[in-house]
Every structure is written in structure tokens, then in C-alpha cells.
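Shared between the two complexes below is chain A, which pairs with chain B and chain C, respectively.
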Partner chain A sequence: MKSDHSIPGTEEAPELSYRILSDTSSSAPVIVFFTSAVVWLLVGTVFGLIASFKFNFPDWLGNIPALTFGRVRPAHLNSVIYGWASLGIAGLYVWLTARLCQTEVHWRRLLYISAILWNAGVLYGVVSILGGHSQGIEWLEFPKGAQTLIAMASVLLSLSILRTFYGRRVKHIYVSLWYILASVIWFPILYVIANLPFYSGVTQAAVNWWYAHNILTVWVTPAGLAAAYYFIPKVIGRPIHSYYLSLLGFWSFALFYNWNGIHHLIGGPLPTWLISVSIVASVLMFIPVITVAINHHLTMVGHFGKLRYSPTLRFVVFGAMCYTAVSFQGSIQALRSFNEITHFTHYTVGHAHLGLYAFFTMSIFGAIYYIMPRLTKWEWPYPVLIKFHFWLVALGITLYVISMTVGGFIQGLYMNDPSRPFMDSVQVTKPYLMARSIAGVVILIGHLFFIYLFYLMIKRKGVKRLTPPWYEKAEEYAR
Partner chain B sequence: MTIPLAGVILIAVAIIGGAIAMGAFIWAIRTKQFKDLNTGAYVIFDKEEPVGEMTDTTFGYPEKNNPKKEENKNEV
Partner chain C sequence: MSDKKTDSRWRFRPEEEKHDIYSLHRQALREPPEPQEGLEPPPWWLWVISVLLIFWAGFYLGRYGGVFGPYVHVLEEGRRTERETALVPKEPETTVSGAEVYARVCAACHQPNGQGVPGVFPPLAGSEWVLKDPETPILIVLHGLQGPIEVKGTVYNNVMPEWGSKLSNEEIAAVLTYVRNSWGNQTAEITPDMVEKVRKETQERKTHWTQEELLKLKK
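Coming up: the complex of A and B.
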């Protein structure tokens, strides 16, 4: 359908070439961010798998201090969050901001410095954790030095993105850009405040979970949603079903989500009102979540057949569906009566992976599948490997989440039953933990396919494929 | 009751942060970001990548939505 559709808001943009302009200028920094993210993905997956196997074979690697559970598990969490997720987000934000502002990336040098500092921070932090120098606060295990490096890196990233936004050539701020802007303003503030040195005792616990939940609020979730709001309509060629609802979703998200953290401390020694406020806010999250769910579903209706043609669409739609699932689960889980059962069980681990993997990581995979060919001017060489990647990680994470959810729930019921000895609640989880390890292996294999493909992309190797017309044009512009 | 300095700083940061968010919201209304929401959704499309065309077909070309199909056949 060739239409004479006038494009509102783009009047000032230079005709035709803005996408080439923004993709060309974002190419180098985004490839740097994505490449380091992929390296940390592999590192994080291996740590996660080691930690998982320790539940099945408790003595395995037990005599190497650096590979004991208490160190490998935080090494997994931190390398995945600050390495894979954060650097992936950085790449996505830089690329998407340039596109949505229809301009080139400004202050690119800051981005290179940011990538170096960020990688150095994560490396230093993970090595410190393995060496036994963890701070012992979940999500904040990195020593102060590593945290300082990451804080500086995040400020530089934000400065560059805000400068690019300032130089925008389009009046209208697309909904994805709202999420990105909120994210880059709040993440450095959040990270610095959480790492200030003067908390102790119960206050430390409150700040800890305020931080750990808000890193999802201001960093992980906006990235996943920004990706979904851009890639679903862009790939299928149809605008968002209800743009009004998407903006309502953003502002209600901004209002409610940042109150949620303290629901992690239900039953803890905090003022009851503080926990209750957090529970109320968690339930209010139904509003933004339903706006997202309705929007993404109704945008896709009638276009599900297109999932056959686009890897990006598969991953992002899978992620968007899991966002609805994980958010509903999270709101229910925050209720005291439900939390009584699931708190301190594997159920929580399943929930975390439904959010950070099935929603977030799948969305970022989708984004990378879309972005990379436009940066390297090289189409993904072996589509069949992409399909392997998708099915392995999709089935792997499904098995993971189901086994942890069911196993964790039974574990919780056993723990609450005073007539049963505590060891029963441990024994009953054994088959579920084995299923989790199998799921982990499947996911790792999927990641190896992805990493191989990613390597071919940055090297422009493999079969040269027929590239869609818009890449051909891109080369004309580059001349 | 005395509030420790750290608390004062954090409350100040919270107020400033809230003011930034409120300011952004008011700015958005003033600059008419929320007027004409139906066309806002079209900002990601343009003449080269218009509504109605898929922009990712890595797994192959759909029969519909592919105005360039004939050209592509010749290029293989």
C-alpha cells in the first residue's frame, strides 16, 4: 500500500534521509554497547547455571571458594542486571532516541567513555564478588569502587541521550521516547541514592528493596515497553491501536510503580502503613498494565500471521505477553494473604525470571534482531538459527517459570503447614529444581546460537542474503 | 525530634524529583503534546516506510504487504 499519508510532526525533518542519518551516527556506539551486553549475557548465564546445579548436586564445586553458592548467585544477578540488561538498554536507548528524535546521536564520545566505564565497573564488581568482597546487600553487592564507575557511566549515557533529545527535529514525543526520557533522568539518581553510605539496619533494608524494585521501574521495564511500543507497530506497519491509552499508561506507570518496592518486605519490621501503601500501589499497577495489554493485543489483532516473517515481532510479542503475565502475577503476589505462601520460596525466583527474562530479555533480543541489520547493513545470515534461538529460549524459560511457580507454591504450602517437618518443604522442591536446571541448559544452548549469529553480524560474515529494499537505499545514501 | 542531615537531603531530592516530573507534565500539556493524539501514533512512519508495509521480513517475504516483490525475485 503506497499512500500519500502525510506524516504529522515530521515536517521539519529532512525528507527521506533521517533514518539513515540516525542509524549511521548511532551505529558505532550501539554496536559497542550490544557487543559488551552479549558477552555479559554469556557470563551471566553460566553463573546462573552453576548456581542452579548446586541445588541438584550440593557438593559440586563446593571446595572452590569463588564458586560457592553465596558468591556465584550474586555474580549471576549482577552480571545479568548491570552487564547484559543495562548495556543492552543503553544500546537500545541510544538507537531509539536518535530515531524518534529524527536526528543524529550527539556527544558520541561520552557514549564510548560510558561503555568503557560501565564494562570496567561490572568486571571489577563481579570479580570482587567472586573474591568474597561483596557488600552483602541484594542487588547492591558491588563494592563502592565498581558502583562509582557504573554511576559515572550512567550519567554520561543520560547526558548524551538528553543532548540528542534537545537536538530533536520532530515536535511530537512518541510514547517510547517518554519512557526513555523518564528512564535516563531517574536511573542515575536512583543508583546514586541507593549507594549512599549512610543507611543501616531496617532503613538499609527499606532502601535496599526500594532500590531493587525501582531498578525495574526506571530501568528495565521502560526499556521493554519502549521496545514494544516502537517495534510492534513499526514491524507490522500499523500504528498503535489507542495512542491515548498508551500515554495514559505511561503517566499512571510513572505515578504508581515507584511506590512498589516495600512489598518485598511484607512481614518485616517496618511500619505497617509503609508496607500497606506499597501493596495498594502494587494493585494500582493493574491500570498501566491493562492499558499496555489492551494496546499491544489490539494492535496485533489481524496481524498475528506476520509472526511468521519477523524474528523481531516474535520476540517482542512474546515479551509483551509476558509483561502482562508478570505484572498481574506481581500485583497478586503483593497481597498479604498470597505473599504468606510465596514469600521465601522459589515462586519468587520464577516471578523474577518471568519479568527479567520472558519479558525483558526477549524484548531486547527482538530489538537487537531489528537494529543490527540497520547498523551493519548486513542481513542476519541464517534465519533457521534465529528460529532455533527463539524456540530454545522460549521453551526453556517457559519450563523454568512453570517449574519454579508450581514448585515454589507447593514449597510455600509445606512451609506453612506446622504438622510437616521443615525438611519436607526442601525435599518436595527437588524435581522442580532439576527441571529448572534442564531449562537453564536449554536457554544456554539458545544463547550460544544467538551469540554465534551476533558474531557473524558484527563481522558481516556468513551467507550474504537478499536484503530488503531499504538497506539498498541506505548504501546509496552512504556514498 | 531532629531529622538527620541525610534525611533532609533525601527529602529535598524527592521534592526536586517530583517537581521535575510535574514540570515535564505541565510542559507537555503547554506544548500540546497531548493534542491530536491520533496523529501522534503515526510519527514512526514515513514515506519510505509507510503504514501498511512490514519493515522486518528476515524469515521471508509475505505474499501481501510486499510491493517490491518482483524486484526482489530478480536480485537473488
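Coming up: the complex of A and C.
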């Protein structure tokens, strides 16, 4: 299905044979990346759940040093960011780059080395954190050795992707590829600069939050957006609404997002202009976010019925909607008057999970549901489990975000009220923290369904199906 | 498709299925073509929102940008809201810490909790001598006290040295303000000027006070 105004340069390519070529060459490295990502997803979820239960039962596991809150919490953060998210992104980027360049994956050996280094780095890092050898800087807790491994792994990944891009057979570069290329160039630079050994004191704090927010800018968000830009039009078989909106969205994203980090330090001992500039940039993020939202929404309009028949579309559209939500929330949260309520409360935790889970993780789930059958030549064996997976994690994260947002806001109001003792602000969050733990359990159960399905996929086990999930219904719907 | 570099492990296994192109590449065949891009113009209101946001950005930076330099600049200095004023403790007028002077000079006898030692050193918490008027405690600290004295219904008989030559007016004012506002005590502040005035009036005095003299003075 072609638009009347489609961009010239892509019609001539013998697409099908290239599609098969790129899938065949990307399958092994992508399966390696996705499998290790899924393992880290399970590890990260368990750590997160332990940390959450510690708010409900403060003495639980308190006598085992490795499982105290101060170690489990960074272990959760680092295993989901550098394990699940990063390896999932690597798999998505490799597959999508080959697809969009209509070529095979080049330098695949680098990808295998990258996967090994990456896993070794995360394993070494998480074990060190549990053993008490954390650097004590949020998002950069890993010891220098683990960081070196990850930095090398990300450089190798970037080299392979850039080489594949260099060997492209297309003239026009699709918007998802802009985000991927920007991301694989920015991320290694960011990671290396943030880990240089000569920051201290206030500078360290500034570099810390510059990094922690920019890992979202250059690594997590581009991956989620690349997935949304690719899978939404791909699944519904319709061009993305507007090339101009894609352009505006990408360049305003590139211009504004990277200034945002210092809004984490509002009220801190930094020059005011630095914080104000970061607040302004955070609010200007409305421009790329609205632009991307319009672009996706107008592509989807009239096709929302397909959400029922495509697991990929379901997850990716859920993710894209949450991207709009989390970015609006983030822009408002950066304002001084609002930040003075929500800073240092559970509200921030809710915001982080709305971004990293409801937006990013859901998008990656959607991508995996699309990509895996093409790599293993096997259909998802039990569509009903996909349904369980979707509803459990969707309801779980909704409960999570609502309880943390409401609980955190009340906590902030209590903390700002001079007539209340501090302990009131702790007591008032108790029911919300219990709701958060319940949400965590629901999400973990959803993940177990997903992991079981994923295991069946790589083993080519379970019911042998010839069509994708709900295909028959989708055919009916299309008629 | 006879690419040497491709890995055979994840490829289709011919022994499991009929080897024809359709079963081999079922997933790839059923896909719609790779996505393309339409060329619709952006909606007009997106430009309006963007321009308004950029105007706001300019205003915000002008109003809250502070000084462009490496030093911290406290934005709202001197412009605290009422709520913030309530949050920030009142700044003392002197830079001397009453608590520090108390701990150094007084706490040895009167104890850190102001309760004194029963039968030996009288308490300061709730003491009528501390709370009644500002001059009496200033006199006692300046010149010391000797002989029997009744505090909260108990008679103590001991000596308190004079501190007028060792402590400055600021230190005496700070420590007395601290004593008169700690451990449940709550009375007016004593300023260095008040101490200076009393010190001038009684500068000929060279001996410790007694209970009778103090009671007489106040009449």
C-alpha cells in the first residue's frame, strides 16, 4: 500500500528477497541479545520486587548484607538498564538496521563479542554491587571494570551497526533509522564521558544527572521511538502520516532533550542559570513530544481495531501513548513550583517506571513479538498467554504508576507542611507502597508468561501454528 | 540465499517441513511492505504552540536565569514566601551560639538538661530566678552568687563564680537567651545592649550576690 506522495527511491528494490536476507543474517546475534535481555529482565524484576517489599516489611532479609535495601535497589536499576533494556535495544537495533537498509548484518563477529562483553560487564557489576563494591553514584554504581566492559561492548555494537548502514541498499533513510544512528553514535560517547575519573563534588553531581537523564535521551527513548515509528505503519500497512512531522520531531528532540538532566538538581548548589536552562529545555520537550504524538496518532486513526488482533501493535501503541504521557508529566515536573512538591518523593519513582516500563519496556515487548517469528521461523505457540502477558503487565504498571504518583504527591505535600512531623510523610505512603508491591507481583507473573513463551520460541516448541496469533480474526476484520 | 556468512542454526530446518519457498519464508511473505512516509503538512496549531513555548522560554530565562557564571546564585534571596519564612528558623541577631557557651561554661554544674544536681546545684529549667525579669539573671552571671538560695521550693547553699570578666556581652546575652528558651522555659530574648547597660550600672561591684541583696534590688 503506497501513499500518493510516497518518497521516491524505495519502489524499485526487490524487497522480499532483501527482507529474507536481512532476517537470516540477523537472526543469530539478535536471538543472543534478546535471550540475555530476557534473563536480565527476570533478574531485574526479582530485585525490584525485593526492594519494594522492604518498604512493607522493613526487617525482611535485613540480616543478609547482600540483600539490604542499599544494594538491592541499585542492583535492580542496573540490571534492568544495562541488562534488559540495553541488550533488548541492541537486538532491536541490529534487526531493524538490517531491515531498513535492506542488507545483511555486517561484522557479526563484533556483535557476538559485544554480547559477551555486555553480559560479563552487567554480571560483574551486579555481583559487585551486591558485594558492597558500588561507586555510590546513581546510574553509575558499577565498578570501573564493569563499566569498561560495557563501554567496549557498546562501541563494538555501534561499529557493526554503522558498517551495516554503510552497506545499505536504500536511497531514502526511514525515520526509525535516524533515531538508531543517532543513538549508536551518542551512547558510547555519553557513557565514556560520564565515566571519566576526574569529577568530584558538585561537578560529580552535575555530571551524574547529566548522564542519568541523557541515557534516556540517547539510548532508551530513541529505541522506543524507532520501534513505534517502524511497527505502527508496518503492522497496519499504511505510511507514517508525515515526513515533515518526523523531521521536526527528530531535530527538536535532538536539540532539547540533552539539556534536561540538571532539573534533577533543582535547589542544589549549582549556578542558577544551569538549572533554569535545563528547566526551559525540559518544558520545550513539549514540541517534539506533541509532534511525535500527532504523527503516530494520525497514522493509527481508523485502525485502532487492529489492536485486538496484533500483539505487536497492542504493546507498541500502549508504549507510544505512555511516551506522550510520561513526557508531559516530565515537562511539568521540571518546573520549580511543582518540583518542590515532588522532589525526593515516590512520585519520581512512578515517573521513572512510566517511562522505562510503560513506554520503553512495552515497546520492546511489542518488537520482540514481531521479530522473533521471523528469526526462528516459528509462530508464537499460545496466543492466550500473550493475552495474559499483556493484561497482567498493563494492569500491573497502571496500578504501579497510579499508586506511586498519588502516594508520592501526598508525601510531598506532607513534607512541605511545617506543622506536620516528618514521620507523618512516611506513614501516609504505606498503603500506596503496599499497592506498589502488589503491582510488582502482578508484573512478575506477566513476565513469567512472557519468558515461558520466549523459551518455547527459541526452542521451537509448543503447538505448531502456521499463522500468527489471532490471524483468522484479523482476516475477518480486514474483510 | 547461499550466503556463507549466515548461521545455519536458526534457519529453517528442512527435515521438519516441506521444503518450499512459502513454508520457508511464511513470516516474511505475509508482511506488508516496509513502511513509507506520507507528506502531509504539520497542523497550523503545532507551530503556534511551538512559538508560544519558545517565547515562554525566553521569558523564563530572563526572569530566572540568574548570573551566567560558575558561582551559585540564590534565586529567591530576600523574596521568601510566607510559607517559606515559616519553615526557616529565625536567625539569631548575634553570631555567638548560646548552646555552645552553655555547654562550655554552665553545663558542668547545671547539667546539659538544665536540671542541676539535686541538693548541690540548682536547676535552671523552670527556675523563678531565671524566668522572672531579664536583669536578675544578668546580674547573677556578671558577678556570681553565694550563700543559701531557694529555687523551686528547695534551698541550695553553694558558690557560683562571676563570669563578667570572662564572657563578652554577646556571649552572656546568647547564653541567657538560650537558657530562658530551653527545657520548657519560654521568655523574652536578652540582647547584648541589655547586658551592657547592667554591666555599666554595677561596675563597682566586686563581690558575689546573695539572695537577700537580689530580692532587695528588685524591690
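Just so we're on the same page, the second predicted complex is superposed on the first by the 454 of 479 C-alpha atoms of A that agree within 3 Å, B and C clash if a C-alpha of one lies under 4 Å from a C-alpha of the other, contacts with A are read in each partner's own complex, and residues count from 1 in each chain.
In this text, a residue touches a chain if its C-beta (ideal position, glycine included) is under 8 Å from a C-beta of that chain, and two chains touch if they have at least 3 such contacts.
Treat the numbers as computed from the prediction; the structure is a model and nothing was measured.
> Is A:Thr324 contacted by the first partner chain B, the second partner chain C, both or neither?
neither
> Could you say whether A:Leu284 touches chain B, chain C, both of them, or neither, answering first, second, both or neither?
In the superposition, A:Leu284 touches chain C alone.
> Counting only touches as set out at the top, which of chain B and chain C does A:Thr398 meet: first, second, both, neither?
neither
> Under the stated touch criterion, which partner chain does A:Arg19 make contact with: chain B (first), chain C (second), both, or neither?
It touches chain B and chain C both.
> Which partner does A:Ile294 contact after superposing on A: first (chain B), second (chain C), both, neither?
second
> Going by the contact rule set out at the top, does A:Leu196 touch chain B (first), chain C (second), both, or neither?
Once the two structures are laid over each other on A, A:Leu196 reaches chain B alone.
> Using the touch definition from the top, say if A:Gln135 reaches chain B (first), chain C (second), both or neither.
The answer is neither, since A:Gln135 touches no partner chain.
> Which partner does A:Thr148 reach: the first (chain B), the second (chain C), both, or neither?
In the superposition, A:Thr148 touches no partner, neither chain B nor chain C.
> Just checking: does A:Lys234 make contact with chain B only, chain C only, both, or neither of them? Give me first, second, both or neither.
The answer is both, since A:Lys234 touches chain B and chain C.
> Between chain B and chain C, which residues of chain A are contacted by each of them?
Shared contact residues on chain A: 1-3, 5, 7, 10, 15-16, 19, 100, 174-175, 230, 233-235, 237, 239-240, 243-244, 246, 373, 379, 466, 468.
> Inside the complex, what are the residues of chain C that reach chain A?
Listed in rising order, the residues of chain C that touch chain A are 1, 3, 5-7, 9-12, 24-43, 46, 49-50, 53-54, 56-57, 60-61, 64-75, 83, 86-87.
> Touching chain B in the complex: which residues of chain A?
Residues 1-3, 5, 7-10, 15-16, 18-19, 100, 170-175, 181-182, 185-186, 189, 193, 196, 198, 230, 233-240, 243-244, 246-247, 251, 254, 305-306, 308-313, 369-370, 373, 379-380, 383, 386-387, 466, 468-470, 473 of chain A touch chain B in their complex.
> Quick check on the complex: what are the chain B residues that touch chain A?
6, 10, 13, 17, 20-21, 24-25, 28, 31, 33-34, 36-62, 65, 67-68, 71-72, 75-76
> In the complex formed with chain C, which residues of chain A make contact?
Of all residues in chain A, those touching chain C are 1-3, 5-7, 10, 15-17, 19-21, 23-25, 27-28, 31, 99-100, 102, 104, 108, 174-175, 229-230, 233-235, 237, 239-246, 248, 252, 269-273, 276-277, 279-280, 283-284, 286-287, 290-291, 294, 298, 336, 373-377, 379, 416, 418, 466, 468.
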